[in-house]
Every structure is written in C-alpha cells, then in structure tokens.
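So, here come the structures, one by one.
Presented sequentially are two complexes of subunit A, the first with subunit B as partner and the second with subunit C.
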Partner chain A sequence: MISRLNARLGESELWLDFRASLSAQIGAFIMVVFTLGALFAPLISPQDPYDLTAINILDAYQPSWLFGEGDSRFLLGTDAQGRDILSAILYGARVSIFVGVMGVLLAATIGVSLGLLAGYFGGFVDNLIMRIADIELSFPSILIALFIMFFWEPGIRNIIVAIAAVEWVLYARTARASVLSEREKDYIDASKAIGLPVHKILFRHVLPNIMAPIIVIVNVRFAWVIILEASLSFLGAGVPAERPSLGRLILNGYEMLFSGYWWTSVFPGIALVLMVFGVNLLGDWLRDALNPRLTK
Partner chain B sequence: MFLHVIFRTLQTIPVMLAVSFIVFIMNYFGGGDPVYVMLPLQATQADIEAMRQALGLDKPLVVQYGIYMTHLIEGDMGNSWTQGRPVIDIILQRLPATLELALTGIIFSTVIGVPLGFYVALKPNSWISKSSMGVSILGMSIPPFWLGIMLILIFSVTFGWLPSSGRGETVVLAGVHLSFLTLDGLVHLILPGLTMAVFNIALIMRLQRAELLEQLTQDYVKFAKAKGVPMRRVILRHAFRNTLLPVVTFISLMFAQSLAFAVITETIFAWPGTGKLLIDAIGVNDRPVVVGYIMLSAVMFSLINLLTDLTYALIDPRVRVR
Partner chain C sequence: MTKAKMHQNLLSVQNLSVCFHTRKNTLTAVDDVSFALPAGVTLGLVGESGAGKSTVAFSILRLIDSPGEIVSGRIEFEGRDLMALSEQEMEGIRGNRICMIFQDPMVTLNPVYRIGDQIAEGLILHRGSSKKEAHERAITALREVAMPSPELRARAYPHELSGGMQQRAIIAAAIALDPALIIADEPTTALDATIQAQILELLSRLIKRHSTSLILVTHNLAVVAEMADMIAVMYAGRIIEMGYKADILDHPLHPYTVGLLESVPSMAKTTSRIKQIPGLMPSLDDLPPGCSFSPRCSSCRTPDCFERPPLREISPGRWVACHFPLT
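For the complex of A and B:
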C-alpha cells in the first residue's frame, strides 16, 4: 500500500519531503494509530467503561496487569469505579480527537471566513473584526473558556463552541494578512475584470493560495486544543462526568494519588502526551515543508 | 512617543468596557437565578420578590449594567455569596500567592530557556542541542496539569523529598504574605514553579534560538566579522542584544498568561491563590467572585499588555504612532 501511495504521490515535492523526514513519519504514525484506536474503540476495547452495566465496582482499584499483580482482564488496571483504564483511554482518546477536530474546524471556518472578509473589504468591516479580535486576544484563553463553560452546563457541544470562540482569532489574523498581500496580485484584477462575483473570487481563488499557513496553524492548534480540552475536563469544566475524557480520568487518578493508586493518572497521561507529541512532530515538519521560502 | 503612549492607553479603555459588558451579559443570561441560590428552600414567593428587589434584579438590563459599572469604578464588586465578604478583598488577599507562583515559573523558564536557546543556536550539532530540540517538542506536548501530578507522584509520594501542597511558611511584609522569604516557602515553590515552567521553557528556548539565528544572517554581522570584530563580541554585544527585545516582550506576555494559567497549577498543589479561588467559586456557583475575578483579570491583563507595548515602543522607534 505504501508503494502504491508512493507511486501516485511520487513526484510530489511534499511527499518526497515527508519520506525524508523520520520525525514526520513517526508523528504521522502515532496520529494514525490513535485515530484508528479511537475510531474502532467500541470494537477493540475489552470493555465499554461508560456503560454502567459493564463495569463492576468490585473490580475497583485493580493495579495494572502489566506492571503490578492485577487481573489479566485489566491490562492497565482499573479506576475507582472498576473501569478498565485501557478501554477508558481508547474512549477518552475518541472524545479528545473529536473535540479537537471539531473545535479546530469550527474555529478555522469562522476565523478564515472573517479574515478573508476583513482583508478583502478593508475599511469598516476590517476595523470591526480586528477590534473584536484584539479584545479577545487581550484576554487569557483559558479564562474565556472557563467562563463560557461556567455559564453553560458542561457538555461536548459546549466545549467545542467554547474552543472555537477562543481559537478563531489566530486564523482570522493570519488569513487577513495573507489576503492583504494577495489582494494586489494580478489574478485578482483579472477575476474582477471578467466579472466574477466576490464570493467566488474569495473562496475559489484567494483561499487556495493562502492555505499553507492555515494548514500549519491548524496542526499546531490541534495539539493545543487537545491539551485545552483535557485541562478543562480536569478542572471539571469540560466533558461531563459520565462521558469519557482523558482529562477527567487523570482527575480521578489525582484524587487517588496518595493512596498509591498511581496507574489511573499515569497511563491516560502518557496516552495524552503521546497523542499531542505525534501531532506536534507532524506540525513541526509541516511548518518547514510548507514554508513559502521553498516556493518563492 | 508621548502620542503613542496616549493612543495606546486610550485603546485599552474600549477593551475593558467591552469585556465588562460581555461579562455582564453572560452573567445576566447564563447560570442560575441568583435569588434561588441565596434563599433557603422554604422561602415564599414574597420572600423571593423581596430578595429580588433588594438585589436590584428586577430593574431593566441597562439599568442593572449601569449600577454594576458605577460600583465597579469604585472598586466594589459586591460580596461573595459563600463568604459574605467583599469580593475585591478576597481576591486581593490571594493575589500575592499567585503572583509569586507566576513569577517563579517565569524565572525558571527564563533562566533555563534563554541560555539553552542561545546555546542551541550557536552549536546546533552538539548532542545537547539535538536532545534539547527533541525534548522541547516533548515539553510542548505535556499537559501542565499532568506534569504537576507526575512531579507530585515522583517527588512527594514516592520519594517524599518535596511537599505536594500549600505554600509553607510565610513572612508578612507590608501586610502581604510572602513565602519566598522562608526556606520552607521556597521548598514549596519548587514543584508548582516547575509545573508552570516546563511548557514555557520549550517555547522560550525555540524563540531565542530562532531569533538569534535570524540575527546572525543579518548584514551587520557580516560587516562586523569583515571588520575583524571577534565573534564572541559580535554575538554577545550585538546579535544577542537584538534578540532581547522580542524575547523579553514574549516573556512579559507569558507572565500575563501565567497569571491565568496558574489556575491549573494552583488546583493541583492546593496553592492558595486566585486561581484556586476561581475554581472553588465555580464549584459552588459563587457568581460575584467569578465575575469579579474575570473583571480583575481583564484589568491586569490589559495593563501588562499595555506596559509591554509601551516598553517595546520605547526601545524600538519603528513601532510608534507616526
């Protein structure tokens, strides 16, 4: 399969660059593993830890079978309610990735659209959007997110909205800056001369040309959003208690830390770190690979 | 320059007004009805109405906002629903602890990050540089809250070397409790400080490296070398100095962010600061405290941003308003 992929993409400079970079491949590999694991969580996990009928409180506090003398059913041990940690990690990763992807997509959609409008039309529209962006940037993002979650109930949809509300600004600014430089180019004049409507100019012509920095930002922020969601869940302001979340798992583990039940905190944390690490590795490579100094 | 100061300072006012309005709107429309929180279950409808009138909650939205703002200007943010004391007193009392924590984190980050970035830029092929760059990506991938828990697990639970909660002994200086003046206090600062610092060390290191590398490609470096200036002088006295501006600006903005992100560290280490106050208040739905905290944060954050921008403009004349 790799060789077929190679044949199709073979000539592409980006692909060759990717094949040359070990760290990018490791990052991509980690991301693929986690995505598949999360996607097929119900099929591959030994237990559905959030189905109340599947867990048994008598199984609680089992140490990991791999690192302690626990039950062989629980490779990474169980938490205070008898949930298998490995299963909980798979389900939690699902939520993390889902919230991350949705949050970033929403933020990018809103941000890039607003940035395009601001950059292209300038004037009042530009001023308005940038003022709002400045106001929002002058405030620590975690407080905004906490604040939003405080006034709404915890919930996955609310977290996604809160994340988008906090993240859109970076996309808007970047898109706007790119549009400002594209605006002067000849192909825009040509499009206007043949009478293309504004939305076509913006979305079919300008947008593809400014995607490079946007893609890099998407990647970098995806890593951060995963951490943000976990942090919010850890503080109790994120995913509600009955839904899976790596952050909340770590919170449960934290509460048991001094009794010696370390595995509930350690393993979900390692999973989180690995996931974000993979995304960051890929993002690091992507930023260099898509750097305009190579094309200009 | 003076014009720039005026302009910039004036710019913060609409920002704070906007924040206060948004906070107020969310307060008004979101969350539970405050009257029900404050009255016992047996309260009658008449009691509820009386309470509502006493709190001024029956007036139109705009009027309520007006009253809110008038009080705000005087520094009155109302009383905490759980402690009964004025919100502003509660927050200010706990602020020094958070300031200490944020400052410690920044000091760790700077002391480790800047020299490391410097070194990595100059000697990119040494094993220290390669491992630092790799570790920095890892550092950016570790969620701060998990790092704190792991530090506690290793240093407190397993080895018992360092304390895992609280501030330790404090010394009162001008009415303010400070813990870094006692040995016990310093020991209590180590783990929380590290937790706050690790993520930022990675960022500062990479920034310092990138900035220094960029400076070294500049023409003036080539001219200095051609002139015969020893490399050490070129780097330290000229290139490094030019990197200080963006790096120091970044550090001061990071400090502002740290004040907010201390929320997480304070929760883990039971650090009696404003962050823990916020989380506790959210937990018991103590709205005046939450709202007051947000407002105070807006003010602090705006002030730090303002000072940073002004300092930047002071040093770099290109940034000023023409």
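For the complex of A and C:
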C-alpha cells in the first residue's frame, strides 16, 4: 500500500516539483509545525489558557525565560492575567487556522457556485451576481467585514461568515472567467448531447476543469484570511476575548507594549508573521507549479 | 425487419427554421428545411461552412443555445414530436435514443475523467446500470470499436490516447446505449487521412450491425460517397437538392451540386484544372432576393430567379429547389 503510494507520488509531476523547490519545503515545514502545534495544543502546551483555575494572577507579566529572565515555566513570559504566552499562542494559532480554513472553504464554496451559475447561464443571473461582486470589490474588504461584525457580537462562527461574505467575490470572478472558456468546449456540448441535466454538467464536468486556479486562490487567500481575521480581532471586532486568536493576543498585549512588557504582543506577532510567511511560500510555489505556461 | 417497417420514417423534420438573434438583426441560419429519414438509412448532409448543416443537426437534439432559436418546425422521432417534449423528456432522448459524435475528439472528451467512466456515464444515467455493469459494458463497447487492449484503455485519460483512438472511444460511447439514430457532425475532419478511412469504415460497419440510422454532417463529398444512402445538399440555410446517393452523384440536378461535384479533384479524369464555383456563399444577413444561389449560377435566368424556387419532388424521392434544373 505504502510502496504503491510512493510509486504514485514518485511519478507525480507535482511531487517532483515540490522536491525541487526549497521555498515550498520551508513553507510546508512551517505549516506542518503550526498545524501540529495547533492540533495538539491541549497535549503539548504547558498550560490551559482557557482554564481560569490554572492561571495565577500573581504570575502576571513574567518576562520571557528564553531571554534570560523570569520563570522557567514561562518560556515566552506571561500576560496581564498571568497566562503563559506560549500556551496562548498555540491555542491562538488553533483559532486562527480554524477561522482561516473555514473562512476560505465557505468563501470558495459560495464563490465558486455563484461563479459557475454566472458563467454558465450568463444574462440576467450573470449580471446580478457580478454586479454585486463589483460593488463589494469597490469597498476595502476590511471595511465590509467590520460593518458586518458591527451588527453581530464577536464570535468564531460570525467572523467566519463575515470573512466568507467578503472573500467569495474573488472565487466567483475566477470561476466565472474559467467557465466562460470551458463552456465553449465540445465536451460540454457532448455532455448535453448525452442528456445530462444542467446541475450534473455544472458540477461533474465544468467544476473539475476549473479547479486549478481555484486551488491556487484558496492557498494564496488563506494567508490573507488569517491576516483579515487578525486585523478584525485586533480591532476588537473578531473573536471573543475569552478565546483569543493571534490577532486578539496582539491586541491584549499592545496596550502594554510601551510599558516594557513587549513579549505579550511581540511573540504572538512573530507567530502570525511566520505562519502567514509559510502559507505564502506554499501558495506561491503552488501557483507556479499549477501554471501550465511556466514549465522549467 | 419487414419491408413495411423499413420504410417507416424514423425521423421526419418538417419546415424547420432556426434563427440567430444578433444585436443588429435576426439571421435565418436554417430556412424551412424538411426531410425524412427511414430507419437504418444513412443521410449525408452536405454543404459549405455556414450552410446550416450543423445547426440542423443540433436542432434535432434541441441543443440550440441563445442567441439561436428554433422559430418553427416539427421534428418527429419514433412517432413523438420532439418540439413538444419537456426539457426533462428531451434529456431522456439525448444520448439514449439519439447520440451525437462531434468533430474534434480532443475536446469532446472531458480531460479530467477516464475513458471508461465517460462511456459508462450515459449508461448509468439512462439505463440505471450499476457502476460495475456500466464499466463492463463500456469495455465491451471499446472492444466493438476495435480498441486495442480495451481494459487498459478504459482506465486511460483522454490525453493518453491518439486522436483516432479518442474518436473510437467517442463512437464506443455513442453505440454503448444502442441508439436508434446517431448524428455525426464532421466526425473525421480533425483526423489524419489514413485514420479517417478507418473510422468511417468502423462507423459504417457498426451502424449496419445495429441497424442504426446515421445523419452524417460533412463538407467532404468523398466521405458522403463512401457512407451515405441518401444525400441532402444545403446552401445558405436551405436544402437545395435531396435524393438517393447514386442519383445525386451521377445525375445532379441543381447547378450548385454540379459545381460541388466538379470541384472534387479526381485521379481518373485528366483535366488540367479543377473547376470551381465562382464567388462565395452569400452572408446570411445579405442574401440575394429569390434564389440564394443565383449570383453564382451559370444557368441563372433572371427574372425567374428573383422568385425563390421551392423544394419540389420532381421524381419519387428526388427533390430539387431550382427553377431550371439540369436534366
């Protein structure tokens, strides 16, 4: 089984390309570390930051032990409540990645479906969907997300919906453009000619053929969605305070930044930057690898 | 099959007109076309590019997309009026009773699915076969079109096959459901000359074995001469001559058909130059009044030709639309 998988991987163009790209491997490594850290946070983090009984207010603002001061229990120091920053980062990455993945998936599902409809049917449907998209694109996305969150209380589900409401536009535009070129091909006529109903033509025949650009956007936008969530949380309009994401952690420590308690804000910030960097490295590689016009 | 049944028409198209609505005006791509196709017969639909032959083919399956529209006509198939069917009933006929074979096999197969799955798709859809049954039938169908090692090819993706093999796979998909009628739109135009002959030979053998009717849309007279029982010649959206193959090839009546036949290069004749029909087929938005062929016609005698010649049956099974047919 494993040897067969290996054999298939070995043949795969994508795998060979990945093996040849150092930046892709670095990106993948960073992502694997973060994903594993987030996934197994309850097992590996020194403290449960959600458990109030585990937190002692007397430990507040312990400096980072890594930098030679403070308590060896707190590798990256503690915040105003005495919460261990490393644990908070692991749990925060969990929230950030979850919001990122769900936000992107929801946005892609909505956007691709609408783009398929717009591109395939054209006319009124196309105009309606694409004009809404145009209007959305003329506003900065963070403004729309803020506007939506203004009506809703902070919450993980709400922010995922707000992100999808902003992000679907890109998927819709890309899907529509690809459909416009695919629908002219004879295999669409051929699937009509064997009597397939429209929904089967759209989802079984058109959709798989437009997936390459969608996959690339999903990867590239994943980083952007994490940043968007962090920005919203930083502005206090994102995740709730008791389940902080990386952005919320930066906000929590930000007020104390100039009082010398730099570690409360800087370490979550570094974590965020690293994560986004890793995703971007992977996304850039994938964009080039899936582009048939760029052959090395 | 009894003789009486043989002569019952499988398909009859009456007064079919198809228009394309453009921003400027409305073009009539198919103008009052009528023909009948007995079961088991091959009809060659011949004409230049833009004569409307593909539009006729697509109309039979009611696959004319906006801005095109079937404005009038009756299409009777197996005793049912296709124009009166709902879209769902029509989906039950497409691919099931009437199959279509397209010009370019490279783009007719979906690049992301295996050959076998694409052949099986119609069987699962129309016959309710299980995946396994459909797959086995697909392999039988591939064997029937003389695909080498069909089990292996069923697992291949379209890009792994050559053009000829792709077209074989498409023909396999068409015959797998044992339709009553196959419409082949320029099935060999995209293939090499040597492969063309093989594919045509295969197609004619299969339709004979299954006694399937075939509408062969082509601009290639040699293909028609090889395959067809009946020929309909189209010009500027109308059928201008129709009849049995031998009659048309040996005694063409319409000056355009004569011109077409004379423009085919021949090895037997030792004429120094190939004859050609002067001029071009008129654009659909600029048709001459009356007979559309009149500006290019050598036997055009105005003012008679300012009136449109109707398609009339001058002897049984022999139709021509010309005021002065050659005899």
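Here is the rule we use: the second predicted complex is superposed on the first by the 284 of 296 C-alpha atoms of A that agree within 3 Å, B and C clash if a C-alpha of one lies under 4 Å from a C-alpha of the other, contacts with A are read in each partner's own complex, and residues count from 1 in each chain.
Definition applied: contacts are C-beta pairs under 8 Å (C-beta built on N, C-alpha and C of every residue); 3 or more make two chains touch, one makes a residue touch a chain.
None of these values were measured; they are calculated from a predicted model.
Engineer: Would subunit B and subunit C fit next to each other on subunit A once aligned, or clash?
Structural biologist: fit
Engineer: After the superposition on A, what does A:43 contact: first (subunit B), second (subunit C), both or neither?
Structural biologist: neither
Engineer: Quick check on the superposed pair: does A:236 touch subunit B, subunit C, both, or neither? Answer first, second, both or neither.
Structural biologist: A:236 sits against subunit B, while subunit C stays out of touch.
Engineer: Return first, second, both or neither, reflecting whether A:208 touches subunit B, subunit C, both chains, or no partner chain.
Structural biologist: So A:208 only meets subunit C here.
Engineer: On the A-aligned overlay, A:273 touches which partner chain: subunit B = first, subunit C = second, or both, or neither?
Structural biologist: first
Engineer: After the superposition on chain A, what is the angle at the C-alpha centre of subunit A formed with the C-alpha centres of subunit B and subunit C, rounded to the nearest 10 degrees?
Structural biologist: It works out to roughly 100 degrees.
Engineer: Looking at the overlay, does A:281 come into contact with subunit B only (first), subunit C only (second), both, or neither?
Structural biologist: A:281 sits against subunit B, while subunit C stays out of touch.
Engineer: Name the chain, either subunit B or subunit C, that contacts more residues of subunit A.
Structural biologist: Counted on subunit A, the partner with more touching residues turns out to be B.
Engineer: Just subunit B (first), just subunit C (second), both, or neither: which does A:58 touch?
Structural biologist: neither
Engineer: For the superposed model, what is the least distance in angstrom between any CA atom of subunit B and any CA atom of subunit C?
Structural biologist: Shortest inter-chain C-alpha distance (subunit B to subunit C): 13 Å.
Engineer: On subunit A, what residues does subunit B touch that subunit C touches as well?
Structural biologist: none
Engineer: Looking at the complex, which residues from subunit C come into contact with subunit A?
Structural biologist: Residues 61, 63, 66, 88, 90-96, 99-100, 102-104, 107-113, 121-122, 125-126, 170, 173 of subunit C touch subunit A in their complex.
Engineer: Could you list, by residue number, the parts of subunit B that touch subunit A in their complex?
Structural biologist: Its residues touching subunit A are 12, 14-15, 18-19, 23, 26-27, 29-31, 137-138, 140-146, 149-150, 152-153, 157, 256-257, 259-261, 263-264, 267-268, 278-279, 282-283, 290, 294, 297-298, 301-302, 305.
Engineer: Any idea which subunit A residues touch subunit C in the complex?
Structural biologist: Against subunit C, the touching part of subunit A is residues 123, 185-187, 189-197, 205, 208-209.
Engineer: Which residues of subunit A touch subunit B in their complex?
Structural biologist: Residues in contact with subunit B: 131, 134-135, 138-140, 142-143, 146-148, 150-152, 223, 227, 230-231, 234-237, 247, 250, 253-254, 257-258, 260, 262, 265-266, 269, 272-273, 276-277, 279-281, 284.
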